[in-house]
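In the part that follows, the structures are each spelled out as structure tokens.
One chain, chain A, appears in both complexes that follow, with chain B as partner in the first and chain C in the second.
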Partner chain A sequence: MSEGFGLRSLHPSVLLLYYAGGITFGMLLFHPVLLLSGWAACLIVNGHLDGGREWRSWSLPMLGAFVALILVNPLISHRGRTVLYYMGDIPITLESVVYGATMASSLLGLLTLFVSYRILMTEHKFLFLFARFSPKAALLAMMAAGMVPRLRRRLKELMLVQKTRGIAVSEGTVTQRARNGARLVGALLSWSLEDALQTADSMQARGYGTGTRSSYPAFRFGPRDAWTAGGLFAAAGIAFTLWANGHGYLTIYPRLESFSLSKGDVGALAAYLVFLLMPLGWEWRDRTTWRSLNFGK
Partner chain B sequence: MAIVELRQVTFRYPDAEEPALSGVTASILEGDFVVLAGPSGSGKSTLLRLLKREVSPGGTLSGTILLERRKIESWPAREAASAVGLVMQHPENQLVVDTVEHELAFGMENFGLERSAMRRRMAEMAGFFGLEPLLARRSDELSGGQKQTVNLASVLMLQPRLLLLDEPLAQLDPLAARELLGMLKRLNDEWGITVVMSEHRIDDLLPIADRVIRLERGSAVFDGTPRAYAAEAWRRQDPAWIESLPAVTRWALEEAGRATSIRTAQEKPAWMGTLSGEARRFMDAERRNDGGPTEEPEEPEEPEEPEEPEEPEEPEEPEEPEEPEEPEEPEEPEEPEPMPSFLPLSVKEARAHPAIRDAAAHAAPAAKPPASEAKPLLQANGLFFAYDKNSPAVLRGLEWTVRQGDRIALFGGNGSGKSTLLQLLAGLREPQRGEVRLEGVKLSRLPTQARFSRIGYLAQNPLLHFVHDTLREDLLHAASRVGSPSPADEVGRMADRLGLSGLLGLHPHDLSGGERQLGALALALLGRPQLLLLDEPTKGVDALAKKRLAGHLEEVHRAGVTLVMATHDVEFASRYANRCSLLFQGEIVADGEPEAFFRGNLFYTTPLHRLLHHAHDPKPAEEGAVQR
Partner chain C sequence: MNLLRRKINPKLLVIPIAIIYLVLAYVSLTRGNALLIGIVLVLLSMIPFVWRFERRQRQARELVLIAVMAAVATVSRIPFAALLPNFTPVTFIVILSGVVFGAEAGWMVGAVTGLVSNFFLGQGPWTPWQMFAWGMAGFTAGLFAHRNPSRRRRLPLLLFGAAWGYLYGWILNVTVALDVGVREQTWSSVLAVYSLGLPFETVHAAANVFFLVVFAPSWIKLLERYRRKYGALQRTDSGSADMEGSAHGQRTAAE
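Right after this comes the complex of A and B.
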């Protein structure tokens, strides 16, 4: 799906608001039911963006972390009144199990949110946001980001050729390997520095540093963005107010409360889900238009 | 109006003994296409960088540089940066940001332009250069030629009035170079933008340039039209000058010289008369067509001797305030070399003249010794290679035999897999299918060290071979690796042999392109290879250094080393190879002696062969068959 369609058509600042809110509530609300529902909402968003492909490629490490957190927390934290059983003389408490699970679902939700962030917040959009505060920092960030793949490519080339001279990290004694590695990195760096001087010349030649910079990437803040931002603010306001009044929060320590949701919890859950799913409305709308316009073709 | 005026410009780098530029006086007219010629180290880059204040080197400068009649130092920073654009040699190093679109916008951002203004210029420039399909691409995915086009376009975004190019073609293959050159010519013609371009391979440039300025050891030794340059080069008989002429011109000049010697030996042959007379007329017409406005007034030609036809061109530039001093005056020989009256700068011009075709028919190119039927040294059997399983295969069942004593030039388009093939032959990469055998033994069976010393490999970028702080250390390391009893002596001998003795203490990065190439060659030779695989050895190397390299390679070959070089440099290959092969779609599709190879080709061939091909084969049916 291309830029300018559905969710992707939203202004970077709206997206930033969406992710800032999503992350905040993913950490503030601390109730497994709310968090798992939020995770489900994030999954739906991912599914709409790319059919969940990107998420699937991350799912294994994510679920691994989820399980690990559930398992590890009870082992290292022994707070809580309700002891389930003793492992040797280590008490495993119900509270720490539930706490671990809640934390793990919070993490799962956040990571899933980040997957869609990676899809939605392209480099261009990120720069657009960043460049307002500091054009120079934005440029620096981007050049640094571009440097990594370049260095990697060059190191590969260098290692290939140096194999002919026996300078490789895969042969010889450990010290020799270390020395060879240092040589390779040294050569790589002096080569790259040499080139960086030329890059600097090229920047100066094009007037870098002659005055204030402007920024090229352009996004228009349209009515669609205004509506979305308004909706997001409203949902976030409701969710935040409820949270500030003690809803959407499961008291675990010292003694586990009931999981059942109070009215306030349900309200917080609804506001949270609305917040997460609302931008999908544009995705739906654009898809319907697309279908109705191209039906039968 | 002169856009640039240099008055007695002398420049000295901080700790240099000799000045990099001494007393350079020249003026460049608006809309000129000026070529800066000269060997490397002659001050071309220094001169260009002095014209571009932002990247001017530190040092002591005397004399005046006027840009649009104002001293260059007195320009405000922003105006100066936008008035003069600079494109440098390495395409990749000039790219600053990630995508093509953003790269193009980078300069405009620096000038704080409004978004709407930027978009507009972007639309125009992307349209002009045909970059629209590339706008969203990451710039590191582009080919070298595309990168250089992006660099050129992004410089032009600032709408400079003077465009400086510092060897922009050196890192490009000939096809990409020609494309970029066409673009520059178009800019010069259509926009009237002044172009000053330094290049050491100026043979493609002479036909399109308005003026040539030649620097040697910091002084301007020539300033005039390309035709006058050709004539002057011939008059001097200096190999460094003649080497810089287009092959066709060189050939025509040599041909004319031979004809004159025949004339003096016996009676003047009939066709020679027509050559002089007709060529004269042809050239006059030519001058009237493209000589530019400055040459018109004195055009009525006296029937003068063809010996010094180009002299009047010099004083014909009335707008030049000071005549560039021509140090050739004192050394004017009493009896000048026979000056040809006809100076073709391109195949088209040469072919237009019937007498030249005649001469071409007389001059059968010297026959090269046929490729030996010696025993096979390296054999590639059914090589198949892909970089990963989803990308298309680079080599598809390639079969090839390198015989003992071969000197093979391997041609192929960009990305056709020449480099990959060499790396496979060198045992640096493993083929997915097939095998490489060195004297019948599979490469993978050979111990690594023996493999890499028996097969020398020179990468496209010679810098990749150096990892120590000085050339000496690198050579010593290589010598001791192959178990030399006294590495230092061995290194000394090798350095002497390749003329590197004075450079041993330098850091590899401080060497010039040609010297790096020789240094890498020395590294490979220390392993006493039977076979040397060279990847584009002439890339970014000037004409004279190329000749030196060729000399050394020939010597190496005489010592019994088989050579295989992947190259785009058809001229080089035609002179020094005894077998030519063409790689296409992962297979060797043509393989044979150079003469037969070049005669059968229209693209992978030398300009000279393009000319002679027709002269030798006038039967239209046959020509047509080959052309199609």
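Right after this comes the complex of A and C.
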């Protein structure tokens, strides 16, 4: 889908605000109900962006990490009053099981949030933001990122050519293969260093460093961005105030309290969900507009 | 809005944001939640390095050289994809960049590798940790052996690489270890977390040792040649600013 549509049309700084807030609340709020609802909200966002395709391709490692955290925590941590059972003489406590599950839901939510980050915050947008803070480091990152596909093609070429000399990573003992792999990378390195010297001199010749670097302003901060940023700040403010007053987390140690949500918890949950789902409004609005423009009435 | 934007230097925003996040992380730490503090500290630790890098005039050749090293480190895992997982020369390349081009350039190569490789593999909460771990590997390699030819021999580099094989994994697991440590208040629980990752880190350390033993001398020679050929690196390789003058003299004398 095009870059100027719905969520994708937002200014990078608004997207940064969205992700910074989403990550921060995903770490600050510590209640399985809140975190799993946040996860569901992130899933809805993903569903709107690409039908959840990207999320599905990451779901297996995410599930692995989720299960591993749930299993590992009770084995490492034995704090808590309520012992469920003894494994040999190791006590498995209800508290550490619940803590592990809460940790795992926090991680799951964060990882799911990052899936939509990868779709929305393209490298272009990230470097646009990064260049405001650190122009030279951003230029460096941009150059390195631009080289990667080219070096990858070169490496493929090298692998093909060197195969005729018997240098291949697909056959032989492990040591032999590792040695051959490093020789390929070494050839790639000297090839690229030689070649990059020309790039550098070309940059120099075109006047690199003679003045302040100009940049191509690809993004405009429009009214849509101002509204979204305002809404995000408001929701974050409410969620944050409730958090500061002690809502939005579950007391697990020393004894697990009830899962039921207090009024403050419900408020924090609502603000958190509004924060995560609000930018979707633009997605809906643009879809409606698109439909009414294309199918009439 | 756009007028406002032009008037405010975005760099100044970093300071209030950093203070807010430090307070947030501290408050949540006092409530027994250690998730935020690690990531906040890691991000803050990058500021001095980036700031130092920004402050000086950079020649195009320095930037290009660092970019090439980072890009090669990023693609270097491709031939090894079919081998053992975690057996890649990425850390090896970062360490050698630090050794040959100096601590500051080593940090930059490591951090850019962490950032750029995730452009292609997928960003995640691990990105700042990888940038930090590889950045520090390059930085400490520069401090360790850049000015000290006797430490560029196989044995010291081998020990250094093995140490970073483990340190890298430990740094990436800090979040979980910190969380368990804060909760349990015992070192044994932290050790228990770290012992779970030991097999992976051993493979990583073995990869570093293998590459350093077999390829370090020839690669150092190659990189030294390009360091001279690029010529512009006198500035990049100053590990510490106060030593710059004397180090500069030494280097020109050595060449």
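Heads up, the rule we're going with is that the second predicted complex is superposed on the first by the 278 of 297 C-alpha atoms of A that agree within 3 Å, B and C clash if a C-alpha of one lies under 4 Å from a C-alpha of the other, contacts with A are read in each partner's own complex, and residues count from 1 in each chain.
Please note the rule applied: a contact is a pair of C-beta atoms (placed from the backbone, for glycine too) under 8 Å apart; a residue touches a chain by one contact, two chains touch by 3 or more.
Just so it is clear, the structure is predicted and the values come from calculations on it, not from any experiment.
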Clash or fit (per the criteria above) of chain B with chain C on chain A: fit
Partner chain in contact with A:143 - chain B first, chain C second, else both or neither: both
First, second, both or neither for A:30, with chain B first and chain C second: second
First, second, both or neither for A:210, with chain B first and chain C second: first
Touched partner set for A:160, first chain B, second chain C, both or neither: first
Touched partner set for A:278, first chain B, second chain C, both or neither: neither
Superposed arrangement, angle subtended at the Cα centre of chain A by chain B and chain C, nearest 10 degrees: 70
Contacts of A:187 with chain B and chain C, given as first, second, both or neither: first
Partner chain in contact with A:220 - chain B first, chain C second, else both or neither: second
First (chain B), second (chain C), both or neither touched by A:179: second
Most chain A residues touched (candidates chain B, chain C): C
Superposition-derived minimum Cα distance between chain C and chain B (Å): 9
Common ground on chain A, meaning residues reached by chain C in one complex and by chain B in the other: 123, 135, 139, 143, 145, 184, 186, 190, 196, 199, 201, 203-204, 208-209
Chain A-facing residues of chain C, complex: 1-2, 5, 10-11, 14, 21, 24, 27-28, 31-33, 35-36, 39, 50, 53-54, 57-61, 63-68, 70-72, 74-76, 78-80, 82-84, 87, 89, 93, 108, 112-113, 115-116, 119-120, 122-125, 179-180, 183-184, 189, 192-193, 196, 207, 210-211, 214-215, 218-219, 222, 226, 229-230
Sites on chain A touched by chain B in the complex: 123-124, 135, 139, 142-143, 145-146, 149-150, 153, 157-158, 160-167, 171, 183-184, 186-187, 190-191, 194-196, 198-199, 201-218
Chain A to chain C touching residues, read off their complex: 23-24, 27-28, 30, 58, 72-73, 76-77, 79, 99, 103, 106, 110-111, 114, 117-118, 121, 123, 132-137, 139-141, 143-145, 147-148, 151-152, 155, 159, 169-170, 174-175, 177-182, 184-186, 188-190, 192-193, 196-197, 199-201, 203-204, 208-209, 220-221, 226, 244, 249, 253
Interfacial residue positions of chain B with respect to chain A in the complex: 52, 54-55, 77-78, 81-82, 85-86, 88, 90, 92-99, 101-102, 105-115, 118-119, 140, 151, 154-155, 158, 423, 426, 428-429, 448-449, 452, 456-457, 459, 461, 463-468, 477-478, 481, 509, 523
